[in-house]
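After this come two complexes, each holding chain A, first together with chain B and then together with chain C.
Moving on to the complex of A and B:
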């Protein structure tokens, strides 16, 4: 009877070991290895700290302007591939789309946020004719 | 060797526990990141959100979110006069491409509300999963083990915030991971990185130096659906009472 009980228990443990993932229960009622698997996903946005390691000139230009707190990839999009391999050039941006996404006048936007009725404001001229995106105040000038 | 029935009943469970610990192996160590040192959350400042949709696009790019599905999205509320219980809420394509312009409305107000998984400390979604495929990690992020998920969608129904969906190709549950693959590398989330006004801020509640502590102490901050007692960890500043 004891032998049967022992064999039954060992069989149960064997089957359980086969079906239950090894890391199940490591931290709780789930597969612990899932955490490291999710953490290992690749990144697409490099982060502004990475951009600033090479583009210190742009950071310098930005820091006194209204876009000082706007991270590079907020406008330029995800650039982790460019950060890994600088020969991969980021896509050219279209300011006609980009600027109005944030600055088109709308009563839904916070009152203090700079907004313009784009068509009337520029008479069809591209925004960067007057405003340099990295430091947009007209008096600030700027090279790009 | 004679083993009594009593000894056998004591020894077998002990052997089972020992065998279990052998099978579990040693916990994987990360040299730069210690899960127990963090308790992640997010702060959303409604007064700063301009409804540009940057966060939605960034999330989709970072996490390969399929078109028509959202791990985060932005809603625009229009509340007229005293009709707090019946706001008009729109979220065209999750607010991904922004919102149509509106002119001043003397009879009401407009504002934007970004939404995402609330990474609840007592989340209903993790409680209903029949197989332990969704869980809260030791650093406070509700995650999904997509290799273990059955796709039964119990969690999708259980989430009071509508933050989960069944992935159309993988046929398993999917949702915001608070960019777990980024925050464990010392980066902020893609939505926070892309937000041009700082309306979204990743916060670590276990870090006493995190500015969120000062912010929570000095501002009128709310969570969504507090009556659900989910322990939501996405904090909203300047949230209107009409938001559900």
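Moving on to the complex of A and C:
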């Protein structure tokens, strides 16, 4: 029985050596080679610093408002292609759909967070009818 | 509109991800650990009265242990990936360590103990049988045909040592399952340091009840007399361990009530509504208090044999129902309420799906079928061995 267990253990070690990738455990509990493979993927997000190099006016408006900490691509989506070639225009956003992702009334959200029952609040109108998305508070002069 | 949701649930809480198969998993491993601990009573603690169930308990443990990972495999899918646990062990993950706990218990404890205990019989049967059976037994000897007095004495000593190691291993196997739940600090229904201890004692209760029932059933099928001294002894162990198990569960409950933390109102409401039948009725009254009272009657009254047999049968069945309900209430109950404490969801069991009712029934029956094969292959009954020995002697 001891011999059987010894053979079993050796077989297991042989199979393990064959199946476990060589770079596994190089940096942690994953394939080390995965880092370079992932780094080779095309970049989709440009980052807000890139946006701000051309859109300084939006940055100025944003930094005084409630959305100062919201990154551009959180609403506009990944824009690396647009940053590389400004002639590629990002898709126009529908604020009636976009804003309620964060601002629909929900018992799980903190009480101080602005949230509305959209159907009653705006009767289906796009939010930007009244609020400027980059500085949304009406009291802060965000209203059109 | 989502059906079955009352109040507010976070979106990822509406559907229960841990289904009835995850209920079945701790139930089965509990039966394994309990059956093994019953066997160890005879081997290590020299409780000779329960000798008739020793081998049956070991085979029961093996039959259920073989099936134990199947609910997990079916739940997770991609069984071929399960080997990753061994190839790239993740030492800081309790779940990932299950593979090693399971392998240790299967390969280093149970299989070795059964082989050592049966080795003499296997050699004898390899000599006395013919055809396919002879070939199977010859393979099972693993080339070790020495059944001299000295060799058997070594088997006995090593077997004793393996059983000794097996007791903490059985505690580890099922304590681990309780640890998985008890260590989830985000879930107040699970997060309790008592969870592994409660799981271990409930495992002992269910395993002992299962072996007791199986022994009585098999004796009836074989038209043989039930060893009542054995049954009375097992029933008394079942009774005392059940008392400890129930006390621990009540201690946990009283602690929760007294502590009354921010989750208490939600959990209290859940126990009185969605879990009322499975927890209050099935687990506590039908599956715990009733068998404890029935077993207590056999301890304090001098009842005739037939009455004791009937009581043991009813108490054993109710115990198994109660322990299953306990697993259900832990696994399913812990997913029915929102971690926002603002709402509840509903678990609707599917019927003929990979994680449905029929699959659960199949997985419950499968160990019994495996046990039947094991009993045919390795008879736990002494007279079979004796007749085998006489046949071998006659052949020589």
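One rule holds for everything that comes next: the second predicted complex is superposed on the first by the 103 of 144 C-alpha atoms of A that agree within 3 Å, B and C clash if a C-alpha of one lies under 4 Å from a C-alpha of the other, contacts with A are read in each partner's own complex, and residues count from 1 in each chain.
The rule is simple: a contact is a pair of C-beta atoms (placed from the backbone, for glycine too) under 8 Å apart; a residue touches a chain by one contact, two chains touch by 3 or more.
Quick caveat: nothing in here was measured; it's all calculated off a predicted structure.
Asks: Is A:19 touching the first partner chain B, the second partner chain C, both, or neither of them?
Replies: second
Asks: Comparing chain B against chain C, which has contacts with more of the residues in chain A?
Replies: For chain A, the partner with the higher number of touched residues is B.
Asks: Given the touch rule stated above, what does A:106 touch, chain B (first), chain C (second), both, or neither?
Replies: A:106 contacts both chain B and chain C.
Asks: Pick one for A:59: touches chain B only (first), chain C only (second), both, or neither.
Replies: Neither partner.
Asks: Quick check on the superposed pair: does A:27 touch chain B, chain C, both, or neither? Answer first, second, both or neither.
Replies: In the superposition, A:27 touches chain B alone.
Asks: So in the superposed three-chain picture, is A:95 touching just chain B, just chain C, both, or none of them (first/second/both/neither)?
Replies: After superposition on chain A, A:95 lies in contact with neither partner.
Asks: Looking at the overlay, what does A:122 touch: chain B (first), chain C (second), both, or neither?
Replies: Neither: A:122 stays clear of chain B and chain C.
Asks: Overlap the chain B and chain C contact sets on chain A and report the shared residues.
Replies: Common to the two interfaces on chain A: residues 5, 20, 24-25, 29, 106-108.
Asks: Where on chain A is chain C touching in the complex?
Replies: Residues of chain A touching chain C: 1, 4-5, 12, 15-16, 19-20, 24-25, 29, 106-108.
Asks: What part of chain A is in contact with chain B in the complex they form?
Replies: 2, 5-6, 9, 13, 17, 20-45, 47-48, 67, 69-71, 73-75, 77-78, 101-102, 104-110, 113
Asks: Taking the complex as given, what residues does chain B use to touch chain A?
Replies: 3, 5, 8, 12, 16, 19-20, 23-25, 27-28, 30, 33, 35, 47-54, 58, 61-63, 76, 78, 98-99, 101-105, 110-112, 132-138, 143, 145, 147-148, 177, 180-182, 184-185, 187-188, 190, 193-198
Asks: Sort out for me which residues of chain C touch chain A in the complex.
Replies: Those in contact with chain A are residues 7-8, 10, 83, 86-88, 90, 107, 112, 115, 142, 144, 340, 342.
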